[in-house]
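Going in written order, the chains are labelled A, B, C and D, and every chain counts its residues from 1.
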Amino acid sequence: MAQARNTITAIKAPELQTSRWLNAPQPLTLASLRGKVVVLHTFQIFCPGCVQVGIPQAQKIHQEFDPDRVAVIGLHTVFEHHSAMGPDALEVFAYEYRLRFPIGIDKYEGEPQGVPMTMRAYQMQGTPTLVLIDKNGYIRLHKFGHISDLTVGFSIGALLSEEAEESSRSTESSETAASGAIDTSAICDTDGCNVK
Amino acid sequence: MAQARNTITAIKAPELQTSRWLNAPQPLTLASLRGKVVVLHTFQIFCPGCVQVGIPQAQKIHQEFDPDRVAVIGLHTVFEHHSAMGPDALEVFAYEYRLRFPIGIDKYEGEPQGVPMTMRAYQMQGTPTLVLIDKNGYIRLHKFGHISDLTVGFSIGALLSEEAEESSRSTESSETAASGAIDTSAICDTDGCNVK
Amino acid sequence: MAQARNTITAIKAPELQTSRWLNAPQPLTLASLRGKVVVLHTFQIFCPGCVQVGIPQAQKIHQEFDPDRVAVIGLHTVFEHHSAMGPDALEVFAYEYRLRFPIGIDKYEGEPQGVPMTMRAYQMQGTPTLVLIDKNGYIRLHKFGHISDLTVGFSIGALLSEEAEESSRSTESSETAASGAIDTSAICDTDGCNVK
Amino acid sequence: MAQARNTITAIKAPELQTSRWLNAPQPLTLASLRGKVVVLHTFQIFCPGCVQVGIPQAQKIHQEFDPDRVAVIGLHTVFEHHSAMGPDALEVFAYEYRLRFPIGIDKYEGEPQGVPMTMRAYQMQGTPTLVLIDKNGYIRLHKFGHISDLTVGFSIGALLSEEAEESSRSTESSETAASGAIDTSAICDTDGCNVK
């Protein structure tokens, strides 16, 4: 079945590391979203595949599903052209495209350069990347590039049907998909922008 | 949540009443599909909304999901222009559009005229109509017109997560959504063709 | 430039040979349309490429341009599955798809079989085929399969800018693109249905 | 006929006033393009209607037509969010969207603010705006928002059929569509971004 592709099972979703949020009264954490299915859409504002396909899909998910059960979160993971995709540019983009869901800005260890911290922790290949996190905080789908609405809808439906665990496993952070250094040169095609 | 619209809950799906099948070695029954989620796509070959949206969606579902768990079934429910939409025309249509899933032809009590029997039993408003039937044979979604891929995918994901019952409830036929006579005049718009 | 592809220049358009017309008070002839640019869209009602791309394009041309200067004409050229695509089926199709432009039915020498007469005279490869005929009755573009709106629009714009000749050349029928027998087996793909 | 809408006839196209060019070895002027049909596509990189419809249309025109006869030119007319849409951001955008046609940056009298000079001279309502300029340098079509490929193609075909004048009229600059001050607040919808 389609949703099985690109799935990394039983890995705890690393906590988001962000420098700023749009459309959110305060910084969001995955820990605070336990009990919901989380749809994490990572993108860059000048990535054609994100703007033309990924972002509209995230908007549809945000519009069609109940925010109390399905949390749509954008994550701006800039790994190229950092100076042109700063917070101000993102703010204009979100305003003009009328994005209403919370959007975090992925953090750097120092100055903006290379691959940001959350993107590295998830070992993402590029943008757009869609990550589905279950009610207990585990990564259940991790897809770089495009993924059909049927498959995303299916996966959300399946994850929502699962029980949330009584005790949060949010302390088991040693399971995270931490990665080492990733080379930062990138290239974009119709599918998305790759970290090479 | 979107999938709640047009849902008729806890109604046993009436058995299909068909005169012929395409793409099936022998006539299919819903009873024989217990344990699977059934996607019943009803259409007419000259209904623009069916040809342009409904049929392509049914094909995508058939391609993306495992046929051992999700059974996609077409049902040709001709309620207008009967002479132009006979079995031979359907066969040509299915061949040219390369439809691979089983397609039943809805049956009439005598000569082809008015609304056919399965369409009446389900009280369908027109074509296209999508019906999702759960593993135990109950109608869980019943939608006339278009429905987004996200919502269909979501509903299939949710229904697949449910348990199948030990004992089939297929005897409880008194619960069927039987209907009386339905007027047969019809009109098509971009959404579909209505029984009025 | 794109419009140059598939062009057969300086060939007089063979007169239409039809058995019946829809959306026309009386049979149309190309001779009667001298002075207008003629957009001849040939199709079959069960050809997916026609229904999904060719027909919508013909409808847009009919809606966007002045009928006194640009004559959109459909031609139903059935070269396969003749019994399923008879006049009654075409009539239902035209009604349900709300086609408003005149549609002729291509004629056979005897019973409907093989490639019809106009289709043979134009040596068409299959459906959909778009033919643009200039104000003086000459074929200026002849394209099997899809052709972009930009190119069709461009070609119409260029042809409309030309002068109509004083004396009609409609007697020069010896120049027609007459062809011999064409094998009738056919196959359809996403682009259209081929005469092989 | 569709192309008649939004047409301003017989107005000399004001010369472009630009601060910089991408994809051009040296600054382009309309004067140097006499004899060609000029397709001037004005846009902003964060205008959804530009990115989703206008830019792809300009790219198709650039790909389908002969650059020796049809000159496609982009003009970045930033009238809002100036700091986020500077030259560096435009360069990244053009690189990631693989734009190959020359793109000028509309000039300001001083610091980037308000409506830039060329946009004012053409009295544009917002972005996207498409302007077609004939071989003699006259504005023949001026359309804010979307315009169909059929109509754009038609207009290019008609303009290409016209003769270029022997003597350039480029001195008749008194005819330009100069405008006074334009208020700079803006709003975007699915069609484009308006200067209000």
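To be clear about the criterion, contacts are C-beta pairs under 8 Å (C-beta built on N, C-alpha and C of every residue); 3 or more make two chains touch, one makes a residue touch a chain.
Since this is a predicted model, take the numbers as computed values, not measurements.
Traced through touching neighbours, the fewest hops from subunit B to subunit D number 2. Shared residue numbers account for over half of those found at the interface formed by subunit B and subunit C, and the copies are therefore classed as meeting with the same residues. Annotation: 36 Å between the Cα-based centres of subunit A and subunit B. One simple way to say how far apart two chains are is to compare their mean CA positions; for subunit A and subunit C this gives 51 Å.
Multi-chain contact residues, meaning those touching two or more other chains, do not occur anywhere in subunit D. If you check the complex, the residues on subunit A that touch subunit D are 45-48, 51-52, 81, 83-85, 88-89, 91-93, 96-97, 188, 193.
Within the complex formed with subunit D, the residues of subunit C that make contact are 1-3, 60-61, 64-66, 69, 148-162.
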